[in-house]
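Chain naming follows the written order as A, B, C, D and E, and within any one chain the residues start at number 1.
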Amino acid sequence: GKKTSATSVKHITYWHVNAQTQGGATVDELVKKFNDTHKNIKVTAKYNPDMYKGLMQNLQSAQASGKVPDITQVGWAYDNYFASNFKYMTPTDAAKKFDGNSKFIDSNFTKRTLSFAKDSKGHLVGLPYSLSTPVLFINKDILSKYNIQEDSLATWEGIKEASKKIHDQSGKYGLYIQEPADTWAQQGIMLSNGADIQKGGKAAFASAGGVGAYKYYQEMVNDKLALHTPWAQGMDSFIKGDVAMAFTTIAQASHIKKSASFNAAAIEAPHFKDHKTVVPVGGSMLAITAQDSEQQKAAWEFEKWMYKAEAAVTWSKGTGYLPPTKVALESSAFKDYVKENPMLDPAVKTLDNAVPWTSFPKKGLQAEQAMIDARDKILSGSDVKSTLETAQDKINAQQK
Amino acid sequence: MSKSNATIELKKISKEFKKNTIIDGLDLSVKAGEFLVLLGPSGCGKSTTLRMIAGLEEPTSGAVMIDDENLQEMKDDGHTIAMVFQDYALYPNMTVYQNLEYALKVHKVPAEERKNRIENVLQTLNLVKYKDRLPSQLSGGQKQRVAVGRGMVKKSKIFLLDEPLSNIDVQLREKARDEIQKLHVMNQQTIVYVTHDQLEAMALGDRIAVMNQGIIQMIDIPENIYNKPTNLFVAKFIGTPQINLIEVELQGNQLKLAGKTVIETMDVHLQSQSYYLGVRPENLHCSKTRVSDLSLEVVVEDIVDYGRFVQLLLVMEDGRHLKAIVNELAFETGDKVFVTLQQETSLLFDPTTEKNLYWGNYE
Amino acid sequence: MSKSNATIELKKISKEFKKNTIIDGLDLSVKAGEFLVLLGPSGCGKSTTLRMIAGLEEPTSGAVMIDDENLQEMKDDGHTIAMVFQDYALYPNMTVYQNLEYALKVHKVPAEERKNRIENVLQTLNLVKYKDRLPSQLSGGQKQRVAVGRGMVKKSKIFLLDEPLSNIDVQLREKARDEIQKLHVMNQQTIVYVTHDQLEAMALGDRIAVMNQGIIQMIDIPENIYNKPTNLFVAKFIGTPQINLIEVELQGNQLKLAGKTVIETMDVHLQSQSYYLGVRPENLHCSKTRVSDLSLEVVVEDIVDYGRFVQLLLVMEDGRHLKAIVNELAFETGDKVFVTLQQETSLLFDPTTEKNLYWGNYE
Amino acid sequence: MLKRKINLWHILLLLVILGAILPILFMISNSFKTLRDSYGTMLNLIPLHPTLENYQLLNQQVNLLGLTWNTFLMATMVTVGKLLTGLLTAYAFRSYQFKGKMLIYLIFVSTIFVPFTIVMIPNYLVIAKLNLLNNIIGVALPQLCDATGIMIFLKTMEKIPNSLIDAAKIDNIPNRRIFFNIVVPILKPSIVSVGAIFFINSWNEYVWPTLILKDKASFTLPLALQNYISSEGGTNFPLAMALSTIMVILPLIIYLIFQKYILNSISNSGLK
Amino acid sequence: MHNKNKRFLPFLYLLPTAILLVVFLVIPILYTFYLSFFDWNLIAPTKEFVGLRNYLEVFTDPVNQKVILNTLIYIVFLVVLNFLVPYFISLVVKFFISKMQGVYKVLFFIPSLFSLVVGAMVFTWILNPVSGPIAYILKNFGIAMPNWSNSGILAITVICFITNWKVFGYNFILLLTGLGSIPKNIIDAAKVDGIPKWRLIWNVILPMNRGIGIYVLILTIVQGLQYVFTPINVITTGGPYYGSSNMIYQTYLNAFVLYKTGTSSALAIVTFVIFLILLFIEIRFVERKAKNYA
């Protein structure tokens, strides 16, 4: 009876970052569904505040105390750091060990998608789980008031002109570019100016392209065309209609939809003239951190279930991220959803131009911090070229 | 400085604390340059009265007039009133010298004069060698002297002292008392002095106001307070050992104690009934032999030799006690003694109103 | 309970506070059932001595013996010693009744007896109607009575009281004093009683120990303390108004004051030189007419009528002052008065050692 | 002339109060607004379309009762623990002379000066070793290390006259009883006020529980707040404000009940 | 009363506290001290011994220098906002008004009931330089609100104001309590002597209240630097370019964002030493009395 079934039940823990406002409820719902349909596995979902950084921080402590979770949601930025510091089972190994083949991986993910989840040595660390790209949110009311065509916003140059128009006539800001504790969006701008962030394991963003992109950004801020403020405040200002455009992650879509009292829309991430849009992908992967083979098996099973189209779409709806699998992206459920939420459309389109989020093999976190520091310095008015060069040198010095 | 003193007048002053009436319709006027002593048992409202004069407490009703000006409406310049607090109230972070100097400095008394005054006061109060100490390094008596000094140094028109000598030992007290008196003679300030020590009151006061439960029971010169107390309270409160109080019967002209006539009076306008007879211990004439028919025979139960005088505890036949003071140790415990009352030194009190009836030769 | 009292013996007790010697090699023995009064000016070490007897303070050297047992090694059961603190030390969270009850309760005195004892004490000290008040709702005097009561109720072998009546007004003090005495007669506890009030000391003590600066200056029965002070300090400290001290010359058998012979002595074994003559004010015989050739002519400068006696301030020809006490108001300010000294009541002190030389008829 | 001056002071004080209270009103008012309104009619202190929607949503999404209970349990444990250790320690310092007293006291007091960042990681490891992760006790334990109570109690105890303890010693009252019958009752006002402050601080504790509590079932209220603050997904301000409002209810009640004690803590220790 | 085994009684009383302190404070500090000599990322199996390099970095790295400077600025701001202002207000309430004292006390304390997270959230909204209520109101007067999050000094000011909101009432009550224990008779005495109030405050009240004053002052600095952690984390994450970071936040940043435990530990130890200096001051002036109890 009860006793025997109890002993055969595997308990696994799943650490995620989804706050209640960002799909937390959906995670609970999915986990509940899984538990209901899988009598021999019981998943407990644990929420970690403060996004991927918070989760990584907790994982550190957990590792040090020997009480690690079984499945962990790892942000792209922590890809290399996670790979080189924690014990995990690669999906390739899991598939081989528990399925006997890698059919699951190959059939569900595109090469491009899988590339996001590889470490600097080219090994797959986890399975891509959520994808996001930056898009340009626009306040259609303002744009139409000042007679600005959406087409003109495909390039950064066009955005500048539009911003000028808006600023001159209303005193409002034209643009806000997200400024969290990473340079994801800024990297997108540089990439869309033909720059590389990294080349052959070395930082390379202080190139003409990179400098040009930042000069553009700096001028915008100096001329009060672009708002320079922390993320939450910047988004507030956009939603309150004090800023006409916001260049930020697609994950903000549902919040904007629910909060804004104006006609809000999203368009694809812009690029500079003579270049095409390239953006780093955002989101996370799922990694198996279970140590015991039975646990790993259960974890793998849970993962596979989560990647089923139905589950993936549900999750996508709850979080505002894009689903990672081909099947889900092409499912009618998701297509219907996009139709209802046209803001998602440009994000899906941008996926084709997405590249992995730059992650340096050594001291990746300190490298990211160096880039954040460079951004902050430039926006406070320091010389673009030399600042970027200093940051680049600093990162490269750490790579030795 | 214009005048060295001021009059104080309390007009129908009442004071309530949280609905408890502490002072009830008190009238009091102090002449300019007078030394008035407020005497009364603990808790009778002496400090409260003084604090109202100082303007620290607002009367619930009535007015305090200083030189015919309403205190409430006066601009206080800090020169008019000085006060010595019962619990010292020294500035704990200032040395003795600084404590004395502070108010003078604030009020810009020239440095030279300041120094003179302070040195003088320090000398007077025997505080010279403590002048650089902090209050926390002084004994209670020393603190109190500093408190007095702080008041003295101000040379204000009105000087209020709240039991300023209660913590000083007797010898020093006598000296301080003399000093305060000298000070008064010299400066002619108006002084209101609170005490519960009657000797102090007798020695110092031009007049004494005896208070009880917020009411002034009697206000008069010391001699009258002692010899002609208006009521039982004053009689009992003044004099130590306490006045002897014995229930007596007035029958016509005769005063009877336990059935025995002790005084034959003339000129009584009183009803024949029970009264309280009050006789101060020193007025009980004690002798080893019977002086007259009216003498009472008692037995010495206890003797206390205070050095200068001897106190006898006498027991009457019916077990009641009397205290007597004699100058010499002429008796022994167990001795038979004859006590004779004299009409001139005996008081008669109404048992219900407790008022002195001023029989005999008073009034 | 075995015995109702115990002996106390202090053996070469010294006490230092931070290198300051407060008590220096003090020897003192108190007999079982004795009432010893420790008298001395403020800060002389009375409280410290008492606290050492109570075991609250450890002597720096020397030993305290209770009934010949070393206090340090005794197991205290809480029955031996009771103490009344100068600053009351009432438990602020307990009512008057609970304050009295607490120690008894902890030591499991039966409820019935407890109640009796407490009611008794409350009655004695006039505290019945305050019994449910908290200490913060009492006046200073009331608090002090509670403190005394708390000690009384314990019926311990040794009862230590540290200025227990200093904040009580004179009338009540007299009563409380009588009560303490009665209590002593009844319970026969060994009592050590600290005071700086000499009248209290004279009235209460079987013996009085006069302390100054940590040293016992004299320990004797009250009469001797008053009449035969061993040294200048004791003579000055006891008696109010203070003893008159006048510089005199001894020439052969004659005592000269300002060149004039005032006493002709027999039987002197003293060198002819300067001495201090001490005469208590009441022993200065004052008269309006010259009594003898030896009488001094002085002028009355000031008169204070204390009711029972009158104090005269007399000024001699050379400006020096004398105080005299007379029983009646027979003089007026400015009167010429003749003062006569009597050999029996005059003391002579060595000006350097300050010791009483016991001339005249003493010893 | 004097009267006018006094009025000026009141104006200043009222301004200070405005600064203190307006944000709170702002918080409460927004908790009754819809998300859109909270952006659109931000300045209205009285919601245009008052709604309980946020509270209802909150009630659906999190177990409010459970959260409150967890927080209460944790705060109570911390408060009781800190009061007990604080009182015992202060009493030991107050009434005994022993070797190394000053040193021990200094060590104790210096704990106030330890920045929490210094001990965060090692403490985490200790809690993990004790198997107290995800456990309210694990959150409570390190919070007990706080000398504030010791200091305040000691300061209050110093106001108890020596003679009071002496009087009890003369009567040979056992130490335990001196402590419970005399010292504790005298300290009651400061115990209540210090306790209330401990409770409120612990109730709001945020950084440390974040580290220890992962399971939503064991969350405390401030952690639940995290659920509604998200940089990526956007912060649901009205919802967060609703939770904040709920969060402050108990501290507010405690404060209002013990307000007299808290505000008069030390000055009215019954001793004077 | 001279019982031998009572010797151990005080230690028994001290035991619970002592155990807690040793386990959760003393050992962790020692461990952190140990870590400050290594280069480590918290989880790597090996720690590299680097001697004093981490300490050197604390003082030579321009970022750390900036952070130390910021810390000083924070201290100045905290002292002004959380100490001097409440002190001034408590003096006003105590000595210059007679009515409504109770009301003020009750209301001033209320913000102390809130979590700093809540405070930080509410204030970022209220103080949003472009679209917050204050910005709107200022705009109506034609004033543009400075974008405070872009300026280190302004960000520090705002962050200090947020902690001020929370701490003000508490410090106010503490100081007021101190003032309340000043004997009334001294104030009466000064009144009779006609001493002007501010003069009395300056000459007598403040010196008398010095003990609690210094206590609150040091508490303001030591706890204030930790209190600002939450608003920094929620609002600026130390930016712009470490402009609003302080040593406490930097310690956290190094430990949990950059995983440089060595630098972090060295910073923590340096912070601790600075706090110990403050502690020393507090002992000099406040605890001096502690030695006196008999």
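Quick notes on this structure:
FYI, a residue touches a chain if its C-beta (ideal position, glycine included) is under 8 Å from a C-beta of that chain, and two chains touch if they have at least 3 such contacts.
Listed by chain with UniProt protein names: B, C = Glycerol-3-phosphate-transporting ATPase; D, E = ABC transporter, permease protein.
None of the values given here were measured: they were computed from a predicted structure.
Minimum number of contact steps separating chain C from chain D: 1.
In terms of the stated touch criterion, the partners common to chain A and chain D are E, listed by label.
Comparing mean CA positions across the assembly, the chain most remote from chain C is A. Centre to centre, using the average C-alpha position, chain D and chain E are separated by 16 Å.
Chain centres here are Cα means. That of chain B falls 56 Å from that of chain D. Centre-to-centre separation between chain A and chain B, using Cα means, comes to 92 Å. Taking the mean of the C-alpha atoms as each chain's centre, chain B and chain C sit 23 Å apart. Counting partner chains per residue, chain C has residues 55, 76 touching two or more of them. Shared contact sites, meaning residues of chain E that touch two or more other chains, fall at 1, 42, 125, 131-132.
Residue positions 42, 121, 169, 172, 229, 235 of chain D each touch two or more of the other chains. Chain D contributes residues 161, 163-164, 166-174, 177, 181-182, 185-186, 188, 270-272 to its touches with chain C in the complex. Every residue of chain C that touches chain B in the complex is listed here, in rising order: 41-43, 139-142, 166-172, 174, 196-199, 202-203, 222-223, 226-227, 236-242, 280-282, 304-309, 311, 325, 327.
Those residues of chain B that touch chain E in the shared complex are 51, 54-56, 76-79, 81-83, 85, 87-94, 102-103, 106-107, 150, 154, 160. Residues 53, 57, 60, 63-64, 81, 85-86, 173, 181, 227-230, 232-233, 236-237, 240, 242-243, 365-366, 369, 373, 376-377, 379-380 of chain A are the ones touching chain E in the complex. By the touch criterion given at the top, residues 183, 185-186, 188-189, 191-196, 199, 203-204, 207-208 of chain E touch chain B in their complex.
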